[in-house]
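Across the two complexes that follow, chain A remains constant while its partner is chain B and subsequently chain C.
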Partner chain A sequence: MKALFYYFIFPGFLFSVVIGLLACWVDRKVTARLQWRVGPPWYQNFVDIIKLLGKEIIFPEGAKITFLLAPFLGVLSLGLVSTILGLNIIYPGQGFLGDLIVVLYLMTIPAIAMIIGASASANPLASVGASREMKLVLAYELPFLLSVITIILRSGGSIQLGNILAHQVSFGSNIISFSGAIAFIVAILCIQAKLGFAPFDISEAEQEIMAGTLIEYSGLPLAIFKLIKALLLYTLPIFLITLFWAKDLSPLFLIGKFIAILVIIILIKNTNPRVRIDQAVRFFWGKLTLVALIGLILAILGL
Partner chain B sequence: MSHKVVVPIGPYHPLQEEPEYFRLYVEGEKVVDIDIVIGYLHRGIEKLSESKHFDQVAFLVERICGICSNSHPIAYCQAMEDLAGIQVPEKALYIRTIIAELERIHSHLLWLGLAGHFIGYNTVWMWAWKYREPVLDMFEMISGNRNHYAMMKIGGVRRDILDEDIPALKKTLDDLVPIVAMFKGAVMDDPVIQSRLKGVGILTKQQAIDWCVVGPTARASGLNMDLRRDDPYAAYDMVNWKVIVQEEGDIFAKTVVRILELGESISIIRQCLDKMPKGEFDANVKQIPAGVGIGRIEAPRGECFHYVKSDGTNRPIRHKIRAPSYMNVASNKVGAVGGTISDAAITLAAVDPCYCCTERTAVIEKSSDRKILNGFDLIKLSQDKTEALKERMGHGTIK
Partner chain C sequence: MNIKLKALTKSLWVFHAAASPCNNCDIEILDVLTPRHDVERFGITLAGSVRHADVLLVTGVPNYKSKGILKRLYEQAPKPCLVIAIGSCACGRIMFRESYNSPCPVDEVIPVDAYVPGCPPKPEAIIAGVVKLIEKVKHTTSKV
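Moving on to the complex of A and B:
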């Protein structure tokens, strides 16, 4: 019973959806103010989701059943991620060995779900979007993992989130150190791509391939994909805070840190044009991997 | 060609604000061929023109394009003046120059915003369009309209620029200078924008000549041509300015040409406001003889050409129009092929194809079928708004 409550209500699915949709509102509002617009009211994203739930589900001719299953795959895995992260923050030391690895795997699943769904939708633009998403996943996972390994090294080789938190509580946040700061910068750029935000909103590029991966989705499945975006906007900053910035996790500090990371992400999103997929791959595998490696070496040296 | 994947851009697509159809044949991300289909917007303007009398045609051709809505009337009026041998008063020439350059500013800012949007940089889009508003306000102050200014008339202009309006116009222009400088920095020095636009969609000088491109598209490919200098009309030979030419021929060069032209346009308008003589602004043309005339001008997108033939009655018997986008759109065949889909999106838009927006609205109460707002109410609303605007900017009423 308790596990079900954790997963579905708090700190799992329902809680993180609410926070995620509010984070989406922060994104829209800050973006609007940056662009001299007014922006929507705080409940806009909730209304959008409810509206989508009432719309017809169009199943394209020639599509496979995975077209409908893919979004659920993504949202369920993210529910699990938010449960694990939330429990670790509320009850440190309650995790299990290797939960960091589980979280890393589960956080890749939404992108894979998007690739599966798009490939199953029998639309040429969606397949272009899927191929872009696939290249992007391959590109950003390398530096992202390197930055996570940096943190693992700094925390004495532990792959348990609870230990990483405990290490930071006793020795100070990882972000304060050289290697931690470098890994944080790398991770936040990778997260920009994980979220599908500019400059890496390549797989959805509405001006080029008309929402790409999402082009055939409507009604409930589209709403689920919007929820996935919202959940990502909640879980990824929380994941960053857990790994890099967890010296003090009292509620007020946690909210402040969450909003700070959110605003950084939104600012990057609004001050960059979309790059091409080849430029993105070159950036992640070239410059960013190099920077991540430098961070890793610094971590080995103990800096 | 049959087994290649086709990525359609159009006829209705988020990229294009107008119905145009580009069929991209792709292999993976690479564009290997492109079909350009235009003609969705054909409205038979040339034929319509033959059923209007000469004064009405000026209003008709204004409706060809919603963005360069001054270019066609000015070219038409020059064609008529060429036909009838009319001397246009000097003040009218200056007013024509001011209107044409204001239009260039708002058109280039509009393109800059759209270009930002097309490469996924929505902040540039919103900012460019925000700063385009003062230009439209200036239009409203001068003519009472934001677009479709109805300023051109055979033998002159319809409205004077009042002396008491000039300080407010100059002030708004001065406010635009730092904005242009800001865009110059934000767009031309941004490394990510450079990586997206440099070396993309290249149209070499020879290709530009072969495809007969005009306007900023040609000037970005190193073709030093500008009708304002090469065949001076209005007051362009009475003010100092220079033609902006870039050699690279890529999208970045096209952007640079347009941004730098903003500065030149502001300088031209300032000089015109200073030098504008007093006196008549209309030659009061009563009769159009039989004959033919041509008028060509440098519209924001390139050379706009009008040919009018008259048989001595009050209507043209032939009116031929060539808009600049007609030449520029075809050059996409060179620019877009060989790039990726991402590049094609911005390449197709970089020639600044123009669209029109000439719809009317009526708000109808559903229960009683009663019109709440009809055309006259809307005109009244818009006139009230203009009065409020003029009051805010600080000067007299429209005469």
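Moving on to the complex of A and C:
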């Protein structure tokens, strides 16, 4: 019963959806202010979701049943991620051994859900988007995992989120060391691709392949994909805070850090044009992996 | 008015359906979406795919080729879907009435909910048309 409450209501699904939709509003508002506009009201994303729930669900001819199941796969796994992260922040030391690995795996599932859904939708543009998303996942996972390994090395080889938090509370945040700062920069850029924000919004490029992976979705499944975006916008900054910046996690500091990371992500999104998929893969496997390796070596040296 | 329609009026995602226009109306539609007029204040954004659309912005006089495509676009959009005819051509195909290549106006192909005349209509006129469309949706219960 308590587990269900954790999963569905408080640190889990409902709470993180609300915070995530508010974070989406912050995204739209900051974007609007950067473009010298006023921007939508705070409840705009909630209205969007309610509207999508009321629309017709179109099941395209030739699509498989996985077309409708894929979004649920993504949203369920992200609910679990937000539960694990939230419980670790509220009750430190309550986690289980290896929950970092579980979180890392669960956070790739939304991208996989998007690939499955797009491939099942029997649309050529969606399949272009799916293949781009697949290449992007392969590209950004390598530097992202290297930066996480840097943090594991810095916290004495622990793969438990509670221990990483405890290590930072007693020895200071990871971000203020050289290797931690480098890993943080690498992770922020990878998160940009995980969220599907510019410059790495290649898989759902609105202008060239018309929303790409999401092109055939309408009504409820589209609303759930919007929820996945919102949940990602909540869980990924929280994950970064847990790994890199967890010296003080009192509620006020936590909100401040969350908004700071959110604004950094939004600023990167708004000041960069979209890259091509080959440029993105070259960037992640070339330069960024090199930087992440430098951070890793610095962490081994103890800096 | 139920919550479904209320949410619909607060978040209209528009899709740009150009049925062989001369592009002036399209340029004015793009002007509406620029920071100067900022329709995102009212939740209006441009959708890339017709499956996400709530409103079809139709410009131009349908010819024999784009007539069928327009009908298919309307059928592909998830209901409830509203249609705005933008520009004098789409409202009543003014000077192309006698043309050999204009079989019918837009509202004989798909049901049109609001008309915005003008050649091309100003961005303010388009916004006024959207406001009237929202009023119309608010006052109808059985429609859409």
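Simple rule for what comes next: the second predicted complex is superposed on the first by the 303 of 303 C-alpha atoms of A that agree within 3 Å, B and C clash if a C-alpha of one lies under 4 Å from a C-alpha of the other, contacts with A are read in each partner's own complex, and residues count from 1 in each chain.
Definition applied: a residue touches a chain if its C-beta (ideal position, glycine included) is under 8 Å from a C-beta of that chain, and two chains touch if they have at least 3 such contacts.
None of these values were measured; they are calculated from a predicted model.
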- request: Return first, second, both or neither, reflecting whether A:128 touches chain B, chain C, both chains, or no partner chain.
  value: first
Q. Does chain B (first) or chain C (second) touch A:219, or do both, or does neither?
A. second
**Request:** Using the touch definition from the top, say if A:167 reaches chain B (first), chain C (second), both or neither.
**Result:** neither
Would you sort A:275 into first (chain B), second (chain C), both or neither based on which partner it touches? first
**OP:** Could you look at A:35 and tell me whether it touches chain B, chain C, both or neither (first, second, both, neither)?
**Re:** both
Query raised in the report: Given the touch rule stated above, what does A:210 touch, chain B (first), chain C (second), both, or neither?
Result: both
Task = In the overlay, answer first, second, both or neither for which of chain B and chain C A:201 touches.
result = first
On chain A, the footprints of chain B and chain C overlap at residues 35-37, 206-207, 210
Note: in the complex, chain C contacts chain A through residues 3-4, 7-8, 10-11, 35, 38, 40-43, 46-49, 51-52, 54, 76, 78-80
In the complex, chain B touches chain A at residues 5-7, 13-15, 26, 28-29, 116-127, 130, 190, 192-193, 195-196, 340-345
Touching chain C in the complex, chain A uses residues 28, 32, 35-41, 44, 47-48, 50-51, 54-58, 206-207, 210-211, 214-219, 222
The residues of chain A that touch chain B in their complex are 31, 34-37, 124-125, 128, 131-132, 198-199, 201-202, 205-210, 270-279
